[in-house]
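A, B, C and D are the chain letters, set down in written order, and residue numbers restart from 1 in every chain.
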Amino acid sequence: MIEYIPFIAVVAMILIGLYAVVFRRNLIKIVIGISIIESGVNLFLIMLGYREGGVAPIFTSLPPGTTYPPEMVLPVPQALTLTSIVIGVAVLALMLSLVMHIYRKYGTLDVRKIRRLKE
Amino acid sequence: MFTLESGSGFWNPILWILVLLITFLLFYGIRGFGKSTYKKGTEQTKAFLSGNKEPSPEEMHIKASNLYWGFTTSMKSLYSVLRKMHTGNTSDYILWFVLVLAVLLLILGVM
Amino acid sequence: MTVLEALLQHSPALIIAIPLLSAFLLPLVSRIHAKVRDVFALVMLGVTSCFVGLLASDVLSHGPRIYIFGAQNLRVPLVRILFEVDSMGVFMAIITMMLAIIAVIYSWSFLHQEDGLDKYYTLLLLVVTSALGMELTGDIFNFFVFLEISCIASCALIAFWVTEGEALEAAFKYIVVSSIGALFVLFAIGIFYAQYNALNIATLAHLLLFTFLDKIALVILLVSLGMKAGLAPMHMWLPDSYGRAPPSIVLIIMSATLASFYGLLRVVFTFYGNVLTTSLRFSLPAHVVIGWILIALAIVSILIGVIMALVQTDLLRLIGYAAVAEIGYMFLAVGASIAALGTSYATVALQGGVLHILNDAVDIGLLFLVAGAIYYVTKKRSLDDLSGLARTMKFTTVFFIIGLLAVAGMPPLNGFTSKFLIYESVYQLNPILSIIALLGSILLLAIFVKVLYAAFLGPELPGLKDVKEAPKSMLLAMGFLAGLAIFIGLFPNLLLDTLVKPAVSALLDHAQYISMVVGGL
Amino acid sequence: MDVRALSEIGLRIVFGSLGLAAFGIFFGLVYKGIDRKLSAHMQGRIGPPFRQPFRDVAKLFVKENIVPDHAIPWIFNLIPLVGLIGTLSILVYLPLGGFPPLFSSGGDLIVVLYLLIIPSLCLVIGGFSSGSPYAIVGAQREMATMIAYEFPFAILVITIAWNLLQKGVTEVFSFSTIASTPVWNQVAGPLGFIGFAILLVVLLLVTPAELSKIPFDSAEAETELAGGLLVEYSGRNLAMFYLTDGVKTVVMASIIVALFFPYNLSALLGLGTYEGMIIDVVFFLFKVFLVVLFSVTLIRVSIARLKIDQIVYTYWIPLTLASLVGLILVMWDSVIMNFFTTA
């Protein structure tokens, strides 16, 4: 059971994020919601990197005589997560700057009032 | 070679263009026999409004949003629903995404 | 090895590298002179197109190619980034380059009074890079990265007219929608990695078992890429952002949208190609279910697109809705070909759908350019304020009429060729599909005849008396697309045989795509 | 492709299109005259002589060709001609009498369905470009009518093709295929027969709208719109539209004949080549006459003009439903007959 807890956390984070995006009115909270979804997905990726009894993927510290032990953990998920975090930062910054400009033009952060484009 | 074949039918644009060209030449010639002149600047070049005085262009102009009145009127109930659907609210856009996701998950989950 | 061979060998990398590097060089170049910057952007795109052409001719004659980034002899399997280029990817890359070059030529005149153009061209090149990357990559995580790049860069471009609140609103909607879509794509990638320990498309496709998790991943990929491609009812960001972005940018965003559509094709045909025929419950094969899901969404797209476009008054927004309908046609063809996988008309439908990608790019692109020209000379968005432009803008009128007939699928223009293939194949699956497609076409005609009347015909309004014809570079861009529309319409087989049929067979032949990587390493 | 085949195709194109143009124009005007005479008699009038349409055209050619101030001259003048040649080009794909289509593999039913849009589209653009409020109102009504009737029409076309496909026929959209396998012979039982009968009625009701005749002529509406989209046209431009109208009648009637009554007498009577040809052509002209009589003359003398939203409603709700019922009956036809034969 305990090994499923992280996955439950992932799903919960994604659902919380979606809830914030769909039901919260403040633009900043929507941005926070997206950020939570992103953290959830990142957590998911990190979790996939865990191998029980794994060896760090450093070739110099391998046991002598072995070249590629099967228990060596591939660093792929970590690399993916780093990339994803970097992208997330860019998206976050862009979204927040847009929110700032929108506040200047519309005078509000209520998502229900920011809808001149409709129908 | 020039015929587009779909397995159920065919379409040859070149042939059609040639037929069009020939008939165009023929009827352009025939049209040339007709009288081409008219009295410019007289009453006859004004828009025909059953004898009423011609209003200014702004008043006479029929706006684009009034076009297809007949169609939109007979489809009024459909339009009121569809226009309401596009709320312009960002949250609703994501709600649609979540809804479609849920429905498809349900369909493929059952299958 | 001659220089040409070396260039050819590294062309997949160069196609990504050149626009990416020139994007960041551009602010430096623009310090010299504005003209130099404009020419630099065009020349770099031209060089990239040359590489795309080189790669295309090679792929079309010698079959798909892989390009490996990084160590060639690493013994750990498949920890590297692969580019796998087949005829479908090349076809999409050609469309992207065409749209990019036309957008740059159009921008010269269209935006010459604006400032911030060095950033504009940088972002433009970044979107082009991302679209090309999505089309050429053979690695699913790489696909996600390019998808995110296209989100960020497109969003910044939509907000180009930052002084208008509506542009900001559209950009915010776009980034929320597409970043959530992209995050879900990443989630699906995580699901794949968790099960198969691989990120390579071919390897994954080879290993895929169609477990329950794979079904979830498929749904997530279908819905998020469908949203990015503008599939109804998740289309709402599309008219909003297409209607508010500068029209030159719409072409670029459209190339990113079409790249997402390509991603969806890749997912269904290549990723799930091995398992499409597995029987689900009720002894329904998986491809029938997936195909009919896509068809249902496609029909909704066509109908919503045309019905909503009919009542729009903002010209750019109206064309945005028409673009939704056109996307619906592509999905209709693809859905029908998936549902009827293996029959001869499925291939015809897919050919129609793939050809329609190009036709959509040409037709909708042309209409956006014309709308941009109208906006440029009148500074008016609403159709209600326009009238009688045909007196002064003769060329633009002719281009618009060509675009109008093409997008409505009137013979002998290009829209007809692909729609013809779609009508005459999907009716075999169910006659209703062709009927709705025909109906959508006639409504598209009505919509654009309304635009023709409102903008070009009708009496001359006093406020529009001193309107001039659009500048030359804009006319050149429009003329090129209009010429292409006529050319494809008159010689459909030329294009169908050289580009579309190989692309379709590359899509359908997933075994070859897989064996390129799995067998070769 | 060698020179001989090429020159043969060239001759076919030149003489075929010229001959068909003459045929279309002549019989278009003839049927117009017959229609006017008959409807006059039905209304208790004497009516004009049969050759009146020819006189009308001749008269229009000597009248002034006025281009109004608010019109856009280059579109205003070009559109009538484009409409006429577009309509004439449809004849190339239709089987006429005992003769197969001139270019049987150059275009099919879907192409013809699209080409049929051209005359209406040209009327619409011509009306819009004349810059008169009456013409603009008329033009938008014509466009709305076109959207309306295209839905049942599309259902009908696709149903016919689909039914042929189910019977194992290939190239089902081709006119030569459709003419050689009449729909009535391709039904398994009474359901299919009823289905096609419903579709035939729908098609006969689509025809007056396609030809802008009463009760679906709210686009021209002499009484309230003073001629609607043609109000500003005069002289030779109006003559072009007049001819288009005549040719359109022949085209539409020939399509109905080709889809539903492609039978010929010569094979039945066992006549030789030349007598057979003549008999077939005469029989074809008679069938066209019947179609014009039932779907144009009879309807237009007996019903009053509908409002534009009524037209849209009529086509989109009752007639679309009727044609969908027809489609469903045709789809179930073979299923149910198979059920009976196997049970």
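Quick notes on this structure:
FYI, a contact is a pair of C-beta atoms (placed from the backbone, for glycine too) under 8 Å apart; a residue touches a chain by one contact, two chains touch by 3 or more.
Being a predicted model, the structure only gives us computed values, none of them experimental.
In terms of C-beta pairs in contact, B-D outnumbers the other of A-B and B-D. The distance from the centre of chain A to the centre of chain B, each centre being the mean of the chain's C-alpha atoms, comes to 46 Å. Remark: chain A and chain D have CA centroids separated by 62 Å (rounded to whole angstrom). As a whole-number value, the distance joining the C-alpha centres of chain B and chain D reads 21 Å. The centroid of the Cα atoms in chain B and the matching centroid in chain C are 24 Å apart.
Within chain A, the positions touching two or more other chains are listed as 21, 30, 114-117, 119. Across the assembly, chain D contributes 70, 108, 110-111, 131, 136, 140, 143-144, 147, 161, 165, 173 as residues in contact with two or more other chains. Taken residue by residue, chain C touches two or more other chains at 172-173, 176, 180, 240, 308, 411, 416, 420, 424, 427-428, 446, 450, 453, 458-460, whereas all remaining positions touch fewer. Chains touching one another, given as pairs, are A-B, A-C, B-C, B-D, C-D.
Interface residues of chain B, counted against chain D in their complex, comprise 3, 7-12, 15-16, 18-20, 22-24, 26-28, 31, 33-39, 44-50, 57, 60, 62, 67-71, 73-75.
Of all the residues in chain A, the ones that touch chain C in their complex are 14, 21, 27, 30, 34, 37-38, 41, 44-45, 48, 67-68, 74, 76-77, 80, 83-84, 87, 90-91, 94-95, 98-99, 101-102, 105-106, 114-117, 119.
Within the complex formed with chain C, the residues of chain B that make contact are 1-4, 6-9, 11, 13-14, 16-17, 57-58, 60-65, 67-68, 71-72, 75, 78-79, 82-83, 85-86, 88, 90, 92-94, 96-97, 99-101, 104-105, 107-111. Against chain B, the residues of chain C that register as touching in their complex are 172-173, 176-177, 180-181, 184, 212, 215-216, 218-220, 222-224, 226-227, 233-234, 236-237, 240, 280-282, 284, 286, 289, 293, 297, 304, 307-308, 310-311, 313, 344-345, 348, 352, 383-384, 386-387, 411-412, 416-417, 420-421, 424-425, 427-428, 446, 450-451, 453-454, 458-462, 489-493, 496. Interface of chain D with chain C (complex): residues 70, 72, 74-75, 108, 110-111, 113-115, 117-118, 121, 124-125, 128-129, 131, 136, 139-140, 143-144, 146-147, 150-151, 154-155, 157-159, 161-162, 165, 173, 327, 331.
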